[in-house]
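Next come two complexes built around chain A: one with chain B, the other with chain C.
Up next, the complex of A and B:
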């Protein structure tokens, strides 16, 4: 039987983060994952709150907000921790709670975020003369014309130069950004030559799809040393290399520090003794397996991750521990008539309510189990996508739960 | 002033059928539609090519029309019809006497039915609820694609000189002393109102026929009747499965490609624009559907949608399920307006027949001797097998078949040529429905494409499993690059509008795996792409 101090269920941003924090505390950690996790879907940028000054906004949130329960010190510590882990994996992140950093989306909008990979930092775009937008023949999902049309609205004085590189990617199956990133990581010569051919100066910037490798910053460093201008990666449709890099950086940290990661581990239930969980059981077509531990962290996500499911109206549930799930009743409150509304979507607030130790609570606010913690998108009460707090909630709740 | 012999108002199946019919008889005709083609009941329905079985007990004439047209449509509209066959199933809760009347009705109407055993039925449709099943008959129902039919009718009409204008709304008639001179229309983009001269105008506006009538100063007995439907993401059935009972809500399942449509309800509504659907309507359809397929809730619902049947209710006539599904042609010369016709009622299955009947009347007025040929001449020429084989070099082979059926031979050739010359255009814009960039580009540059939604109706992007998660981005970008007349050049607006259209159908079914898909959509467009736009607050 495998002995663990901490078992983390879920391999998304929250789960991996919690495992990394626990590992740093010298605990024996087991991560049980099923599916690809949330990171390939995401841009790798970690949003904290939709405000110019996230720290002030978060400080002023009401008592019931998950951030309030997590507390500002843990939120700040989580940022520093993530920066440290990513820096060690040669994937430097930048930013803090006091301001927001712009990144360029694949559509050509600017998006503001708190904690981002250095390769996406678009802060200097306002000061450059020339902006090259590089398309690569054969890459699907990157359309320089649309990007330029939209980005012009922010930087009307800049001189935009859309260009297309031919890196001999055509002729086989469809190539997405992940494929191209891998190909360029394997052989960057042609790409570097084309970039050099732009003759960009230190006063220019070059916007590219996220193709600078799939693991860390090494491709970017190689490319950058041969250029004078800044190189900025955009977001893209999933799977996003920028998100995958973060997933790999966190996973590598876990592996290097002795954590065990079990993939395809479909956890279907927990074993309870009084007010403690003693273990969880995984199940596949051939066998069941019992995993005991001292502490459990549930990071199976919301509706996307499958941590919360709802087969029939008004009957949401949490499939592993059958924890109480709070949700908003009534069709008119479940969703807004407009998809992009200036108010949160009711359904997206569905989830588990937690105390300040991230433990699931009952209707009286009392913790249900001493040693079970619920983090990330499993937590209910707010529409994190609308608040633009999904990533921030993930890493800060993970940090809090792992340091209890 | 420009001048046509006939102007047709309404770009649904009936109007398009009339356009093609007139064009084939050499009559100079123009169709005007206030939105895009087939945005009303011609696409907002089951996609069922009726055998007539549904009507044999109540309305023999309608049933006879159905079986005749069913056979014609299989010949002339091959690439729009999926000849999957149908099944009528009586459950334990259904009236036995009705079955007897129904069998008699089918026999007397000439609808070929074959009784099969419960075991045979389960063998053909394994998901049927065996415990409830009492008797089963096979019947020649089929599935038909309303969108595809529309574009192919247009292509066909164009070949004979027929013309059409979308986003062109009828606003009134130009008449002098009861004699028609022309129709007044408004360009929906510029707001400009102008006149198109004509000898005859036809009101084929379906659920909107009453509104068109009002604008012409006439009162027309049309009652929009809302039918709500659910699209499931799987092929739950491989035949059309009907309940063998008195026609009611939620009793027909129709397979289409990789999806299944369940419907419908029947609710009288004042405004045909009302295509809203509610959780309650969805629940009620599922509850009835579960009687036939007990595990129905295990299947992911893609969306709910609704359309307004244009029921013809003469003064004192009955509403709802009791209203006739037959059609009527009104020559308003009897109302003192010479040259104005209305066609109302009917159903998709019989649109060709409706067109033939009214065109006979119009041609008689115009003294045109050409007979109707729409029942004999195929709507589009099929893509020869050799060309399909050649195209497999660039397409996934499943995609070749789909594209060949969607496009017809002429467009198919253009798409293949594009792929041949530009390898980049071979990539898939929509993985769900196997639609290549070449096809989307080809359609985007057509003069009647203005929005991503127009692209959707012509290509099916955004209609598959992911409901636009990926192809909204790609489709918008292609539109931005290829479509000169797109009035609204802002790509963010295009994306928001399109995703809002998808959202409308998703909202009432926001349960199960649909919730998961929705969160993916929001993560992509709200978080990764920030299409909501703007700076942080």
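Up next, the complex of A and C:
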């Protein structure tokens, strides 16, 4: 039977981050996951706030906002921590709170983010002469011509050149970026030769779908040393190699440092003694299992990850500890007809309210349990779609909860 | 096919998130396989009512990585196995599939002949060099596992045991019975040290895992009915059924129920334990014997896929770390690729080896004293890929209880 210092429930970005921070503090960590979490579906870029200057915007947020409770020092520390862990896994990340970095989407628009894999950094596109946009025969959902049409709106002075490589990936199933990334990691020769054939100069840039391997930066390093131009990966439809790489980097750090990751762990309840949680109980098809620990971090992903469920309308519910979930009353506020419209979503602000130690609080603002911390998309009081703060809240609340 | 099988309907919960595709090792290895999402939730539901079958489903190794990645609890691999059985209603098996699926029948035939074992072991080497197996569809690139001189069940009456009120039935599984009986003996040593007497039940048949994987579903059902009746009889006497083989335990605990949807199967599953899971229960009841020899060994643990799927944590790792001087590091290298008899099939050998490459690389770092794994096919694959012979964790624990 394992006695953990910290049990993290959830294996998405927030859960893995919290576990990494706890492991760095030499704690015995157990991560209980069900499903592979958000990362394989995500771009791996971590957005903090929808503003040109996220730091200034975050400083001006009202008292109830999760970022206010986390506090700027922890937010900054979380960025440095993630950069450090990813660098150790040979997956360097770049960026900080003072500015936003452009990345190219799969359709050729630009989006801005705060903390991104180095391979996606598109900052230099404004300064290059020629931009090659490279498609790969067989990959659907990546059309170099469409990317060029859209990118021209941003970089009207550049000379664009859409090309498609044939890397012999046809035959068999329709392939996606994950497949191509795997195949190129297995054998990069053909890809490198084609890239070299572009004769791109140091004043050019080459935009490619995210196909430079599925674990770390090693394929990119090999490819780059043989090219003169910058090489930029776009986002893509899921499953996304860039998100999978981040998941693998964090998981590797955990396993290398003795954390235990238990998959398929369907946590269905906690055991409470006065105002402390003493353990959680998982259930598989035939029996229950009790996991004791000193501290618990709930990173079950809010509405999107199943951490908050709604069996009855207007009664959102946290199924493991039955924590109070605050929500915006009234059906009319529940969903903005345009989910990705520019208006805040009532729905998305729903969640569990926490104190500055990320502990869930009651209606008087008092912590419900001394040793339970709630992080990531479970936290209420924000609209992360409108704010573009999901990733930032995930890693900074994780950092805060794990360092308490 | 009975249409009240719940697994098929679990496909309705699919969100099309693609997490299963990102997790499938066969998809990563070859591009002919169209993958879990397409074969199971997407096509699977249709194919039970239509004639056409997605042929590439024969590439699935039943490793269940997809199930563990799915956030919605879709019984992906089981849907694939059910469809494979449908496929074989219309297509005949090749001889390799027939032979590899019937491990138990083979062993019994061999043992019933004079000098059968010796001849069979020679025969297998000979068969290989003469190309007999290759003609049948079995790879000649690896040795078939050799039979032990005497099966565990035949040896059992000669193994001295202290009798006890507390009893467990050992479900040996084919491999421990026919190939590595010393694992059964180690299990007895461990249980005796913990005050238990070990019984066996000669009426048990092969759990059926190789039958299911090769599409012999009706036969697997017969085995299931036989074994479930036996397990329920033991359950009535209050005697648990315990097995050190993780594919057997997964089959007995949950796959019968998932495949055949019979309430008796679920009830029987409640009386089945993985060996270390059972020891952990003893710990929880304060009945575990902590009087262990120091061993001073660094162990590298390859966690079998079928153990991960059981959602019981890593009881072997936690218990072995109770031994003085023992540290257990998980290999964190994914599926070994072998997946039961998959890697013995001629047309799957290369896929199996490609999947295993990451694990071989990890093992070849040689930063440990021993490699451990609960699953015999994982052990066979590791030895084949690295020339390093792993042992079952129960063998290490038995050593620690050995005081002479």
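Operating definition for what follows: the second predicted complex is superposed on the first by the 402 of 404 C-alpha atoms of A that agree within 3 Å, B and C clash if a C-alpha of one lies under 4 Å from a C-alpha of the other, contacts with A are read in each partner's own complex, and residues count from 1 in each chain.
The criterion applied here is as follows: contacts are C-beta pairs under 8 Å (C-beta built on N, C-alpha and C of every residue); 3 or more make two chains touch, one makes a residue touch a chain.
In this text the structure is predicted, and so the values were computed from the model without any measurement.
Trainee: Have a look at chain B and chain C on chain A after the superposition and call it: clash or fit.
Mentor: fit
Trainee: Should A:201 be classified as contacting the first partner (chain B), the second (chain C), both, or neither?
Mentor: Touch partners of A:201: none, neither chain B nor chain C.
Trainee: Contact-wise, after the overlay, does A:366 reach chain B, chain C, both or neither (first, second, both, neither)?
Mentor: In the superposition, A:366 contacts neither chain B nor chain C.
Trainee: Scan A:386 for contacts with chain B and chain C and give back first, second, both or neither.
Mentor: It touches chain B, and chain C stays clear.
Trainee: Of the two partner chains, chain B (first) and chain C (second), which one does A:168 touch, if any: first, second, both, or neither?
Mentor: neither
Trainee: Check whether A:100 is in contact with chain B, with chain C, with both or with neither, and answer first, second, both or neither.
Mentor: first
Trainee: May I ask you to name which of chain B and chain C touches more residues of chain A?
Mentor: B
Trainee: Should A:56 be classified as contacting the first partner (chain B), the second (chain C), both, or neither?
Mentor: Touch partners of A:56: none, neither chain B nor chain C.
Trainee: Contacts for A:187 in the overlay, against chain B (first) and chain C (second): which applies, first, second, both or neither?
Mentor: Neither chain B nor chain C is touched by A:187.
Trainee: Go through the superposed model and pick first if A:264 touches only chain B, second if only chain C, both, or neither.
Mentor: In the superposition, A:264 contacts chain C only.
Trainee: Please indicate which partner A:306 is in contact with in the superposed arrangement: first for chain B, second for chain C, both, or neither.
Mentor: both
Trainee: In the superposition on the shared chain, how near does any CA atom of chain B get to one of chain C? Answer in angstrom.
Mentor: Nearest C-alpha pair, chain B versus chain C: 5 Å apart.
Trainee: Of the residues on chain A, which ones does chain B touch that chain C also touches?
Mentor: 41, 171, 175, 238, 306
Trainee: Would you pull the chain A residues touching chain C in the complex into a rising list?
Mentor: For chain A paired with chain C, touching residues are 1-2, 30, 34-37, 40-41, 169, 171-173, 175-176, 178-179, 182-183, 214, 238-239, 244, 251-252, 255-256, 258, 260, 262-266, 282, 284-287, 289-291, 305-306.
Trainee: Contact residues on chain C for chain A in the complex?
Mentor: 17-19, 21-23, 27-28, 30-35, 38, 56, 67-72, 253-254, 257-258, 266, 269-270, 272, 280, 283-284, 308-314, 317-318, 329-330, 332
Trainee: In the complex formed with chain B, which residues of chain A make contact?
Mentor: For this pair, the touching residues of chain A are 38, 41-43, 47, 50-52, 100, 105-112, 137-138, 140-141, 143, 145-146, 149-150, 170-171, 174-175, 235-238, 240, 302-304, 306, 309-313, 331, 334-335, 337-340, 345, 347-348, 385-386, 388, 390.
Trainee: Per the contact definition, I'd like the list of chain B residues that touch chain A in the complex.
Mentor: 278-280, 283, 297, 423-424, 427-428, 437, 470, 473-474, 476-478, 480-481, 489, 491-492, 495-496, 499-500, 502-503, 507-508, 510-512, 515-516, 518-520, 522-533, 535-537
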